[in-house]
Amino acid sequence: MPTANVDDHEDVWVFVEEHDGDVASVSWELLAEARELAADLDEDLVALVIGEDVDDVAREAIQRGADRVLVVDDPVFEPYRADPYGEQFRYLVEEREPDVVLIGGTHTGRDFAGRVAVPAHAGLTADCTELGIDEDGHLEARRPAFGGNVLATIKCERHRPQMATVRAGVFEAAEPDPDRDGEIERVDVVVDEEDAVTSVLEREVGDTADITDADRIVAVGGGAEGDIEPAIELAEALDAELAASRKAVDEGWIGHDRQVGQTGKTVRPDLYVAVGVSGAVQHVEGMNDSEVVVAINSDPNAPIFEHADYGIVGDLFEVCPELTDLLEEADEPEEVIA
Amino acid sequence: MTAETAQDDMDGGRLSHDRTVSDPNYDGEFDAVVVGAGLAGSAAAITMARDGLDVIVLERGVSPGAKNVFGGVLYTPTIRELVDIDDAPLERYVGEKRFGMLSDDDETAVALRPGEWHEEPHNDSYTVLRGDFDEWFAEQAVEAGATLVTETTVTDLLRADDGTVVGVDTDRPDGELRASMVVLAEGGNSLVSEGADLKETPDRRDVAVAVKEVLEFPDNDDAIQDRFRLSGDAGASYHYFGDGAVGDAFGGAFIYTNDDTLSVGLAYRIEDAVSSQPKPERTLNRFKSHPAVAPLVRGGRTVEYTAKTIPEGGADAMPDLVHDGAVLVGDTAGLVLNNGVHLEGTNMAVESGYYAGQAVASAVENGRTDADALRSYSRSLNDSFVVQNLERYEWLMETATEDRDLMFRELPRAIADAGGEYFRIDREPKATHAENAKARLLRTVGGWRGAAKLAWRYRKVIS
Amino acid sequence: MTDPWTVVVGVKQVPDEDDVSIDPDTGTLDRADAAAILNRPDRNALEAALRLKDEVDARVIAMTMGPPMATPALETAVAMGCDDAVLVTDRAFGGSDTWPTSLALAETAEYLGADVVVCGEETTDSSTGQVPPGIAAHNDWAQLTYVEELDPLPDDEQLAARRDVEGGYERVVADLPVVVAVAYGENDPRPAGLHRKIYAETEFDPVELSADDLGIDEDTVGLAASPTQVGGMETVDPVARERERVETPSELVDELADAGEI
């Protein structure tokens, strides 16, 4: 199998995902991390912006750390579709021969990353939690394996580019620096509406908060046995986002977009309250970076207690309402005696 | 029919549509449907399959034994006839049997450790873990040619207009299956047999509740060997009764040694569970904390906790075993012996499966499915140890129930007190102690006449 | 009258993640006792494919790449309602990462004349989610991932779908042939019918396809053709937690207030 001429490939690329001008937070998170990788490799950090009317995004990419931005601007790229994005990106990768390509592990990123990796015969490691450069200058992509108890290091030594996807919330974005300078280059558009094999009829994105952004989370699990009201009320009292374990999602009590864990989202809030969650390894993997973890479970042997800072053994249908009441009392303004 | 090469399966570039069956239907394809892949079910399946019948076993659990709960000792004389037991997953053989009477903090025990039990065939008594054993046993049925389908629950029987059982209905879509005979091996919770009016829902008095824990000792690898004085594959079976074991209820507790776990549990009549007893779990905890028992289970971590009901009715509570198109075996047929001294069910289950299997095979071979053609099953069972034992101890259970306060509470205490008195060390002469011990005992049983009456009443236990 | 659709469903047999435990002595994962089951997201894929068959004239064929012991996954697929199944098996495939795996499955999809390929969102053992887009890329076909609902449009030779996107959804139409990845847990997988289950587990045998049958050059698959390699494994230091047990909710509120969390 022909391998790439590794030395000819240069630069660290980060795909900046935007929809209708809104940039996905994971892109800035990746850019911040890639800044360090580029420094280690002594290469340029290039942001790749694909969309329609994306000049503002390109400028912000510079402010957020990119040395250069490649802009592909055309109506064919709005809204997002796998085939035009994949084809355009593949063309650029072949033309420009980047060393490393990083893509946010969102539904969009995971959708088209493969369309690039396959024709480029690139190595693609998905859902990385750590990135680094080894002494030979290869990308080390680390990801949890076997339920999260082992961290596997994946390398791609004889193929280029080295690609990785990273889920939202794993890295931290850098603040934009308005004084930063960089180069913005507009590149050729190589796809045509005629070639497209999909079309988007409708796209509705609401105000649903992304749980990966939340500072506080109340997650509900199998112990709720269908009744998630106590958890919802506790979340309201704490001004927290509601999330869930796989069990609660599988049972249909709550949507998949609120699922935390290996097959859900990774979150890192300041406060994570697990209500009726058993604490299976696959769930813990998605919230173990929380600052403070509280567990409420009726089973004293539930694994979640091993991963919590504070644990209450009790019936969530009693504990949650009590907690909610206490919190609401505390929130009430004190009586001022004039 | 398998193809020689992939090409044979192709038909103009696509997989040939004739390769697979679009609407498979197995009605009439099987001679017998066995409901439940437990010991009775698999024994019947093995017997019938070996006789050339097409047998299908429908098991509701994910694997055979997954839903089975029992104390822990398997009696294997008939199993040995059916399969090669050397290949079976057995835990330990029973090298010692111990009976203890417990009152509040006393224990009086008798232990038997015959040398003979420590040599093959080990008195045909082994501790097993049902998940492992049942799966292996069902596998023997599959090897004999039976079909095993799991995760499928039989919900009802199918009947012809004249009432003959002609198949089963299950919880799966398209779930009816017609076959010549149905062998009902559902276990103690025999909802299908009861729902189909093949047997009465057991009298409240005739069912016992049993709870059991499996304990492991992660911090002490030698706990079991040391505490029960075991070496090699030897194991022990400890039985307890009296109010220190199961409180006010009629029943007993047990501890069995497995390879590296202990099965600890108890069983007592369900009517006691409702009337005077605390919850079964609490009774079990109380038993485990009895001063004579606690050192045996100290440091044990519960890795499994289960509860079930056991039919205890004895010979009189047995339902009709044969019907047109169906037979009942195992716990479903009420074939359990539980009188505190003997706890048996598994050997009777296998025996009944074996005889039922033979009867069904012979009926099918003669083209018959009616109850009369199956009577050889009832006859064989009546002539076997199964029913004979049930009848023999039937009276014991009735009798002991009448005397229960005496048997389970007063007598254990009296024996303990008398024993304590007899062996008391102080400055009184031994004769005084002996006198006091005797008096204590006699007071409880009603003097010498009372003792004689009691001995006469219970003579059958050892004659 | 349009031609019946050929719908190919990709399935994988994986260790049951609920059975996998941590060896307390070594801290490593013990997969030995884990039963092999059908990857749970694939059940949703099978259900989606069978619903297509409920709506339009279609033939559903399950495919899996693996050793012969992967056959039970195919039996489950047929029991649920698939018309047929193929086992893509060859020593040459051993050690493949997602690149050669998606190549082999792409070739199989073509071999079978697929109009639609349906896969689960990801597998619970490797969870890269890269095989469905990989199949689409190898064949240069359309793709639809994170699909919640499918809507076949046979007269236009297209497949419409409702896709889950962060914070909402979109409705997309794709030209056939198309690769679909169904979002995990999006539908209720139907139970297998009794007679089909008996058939699948006793009489049914999948067609076995080798690299040769598929016209795949052995150099393009297997460990040597996999761009990614596992460089090392290290056990992760568990995050240090206080593990404090609190008796009452008011105690908890106090602790959290002290810690500055509320």
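Here the chain labels run A, B and C in written order, and each chain numbers its own residues starting at 1.
FYI, a residue touches a chain if its C-beta (ideal position, glycine included) is under 8 Å from a C-beta of that chain, and two chains touch if they have at least 3 such contacts.
What you see is a predicted model, and the numbers here were worked out from it, not measured in a lab.
Shared contact partners of chain B and chain C, listed by label: none present. The chain with its CA mean position farthest from that of chain C is B. Chain B and chain C have centres, each the mean of its CA atoms, that are 42 Å apart. Annotation: 54 Å between the Cα-based centres of chain A and chain B.
Put simply, the C-alpha centre of chain A and that of chain C have 21 angstrom between them.
Chain C makes touch with chain B in their complex at residues 6, 24, 59, 61, 78, 83-84, 86, 112-113, 190-199, 201-205, 207-210, 213.
Touching chain C in their complex are the following residues of chain B: 2-3, 5-7, 9, 13-15, 17, 19-22, 24-26, 56, 147, 149, 152, 170-177, 218. Those residues of chain A that touch chain C in the shared complex are 1, 24, 79, 81-83, 86, 106-108, 110-119, 121-127, 140, 144-159, 197-208, 210, 238, 249-250, 252, 256-257, 262-263, 270-271, 280-282, 288-289, 291-294, 305-313, 319, 322-323, 326-327, 330.
Taken together, the chain C residues at the contact with chain A in this complex read 17-18, 20, 22, 27-29, 31, 41, 97-99, 102-103, 121-122, 124, 127-130, 132-134, 136-138, 141-146, 160, 163-175, 178, 183-186, 219-220, 224-236, 238-239, 241-250, 252-253, 255-257, 259, 261-262.
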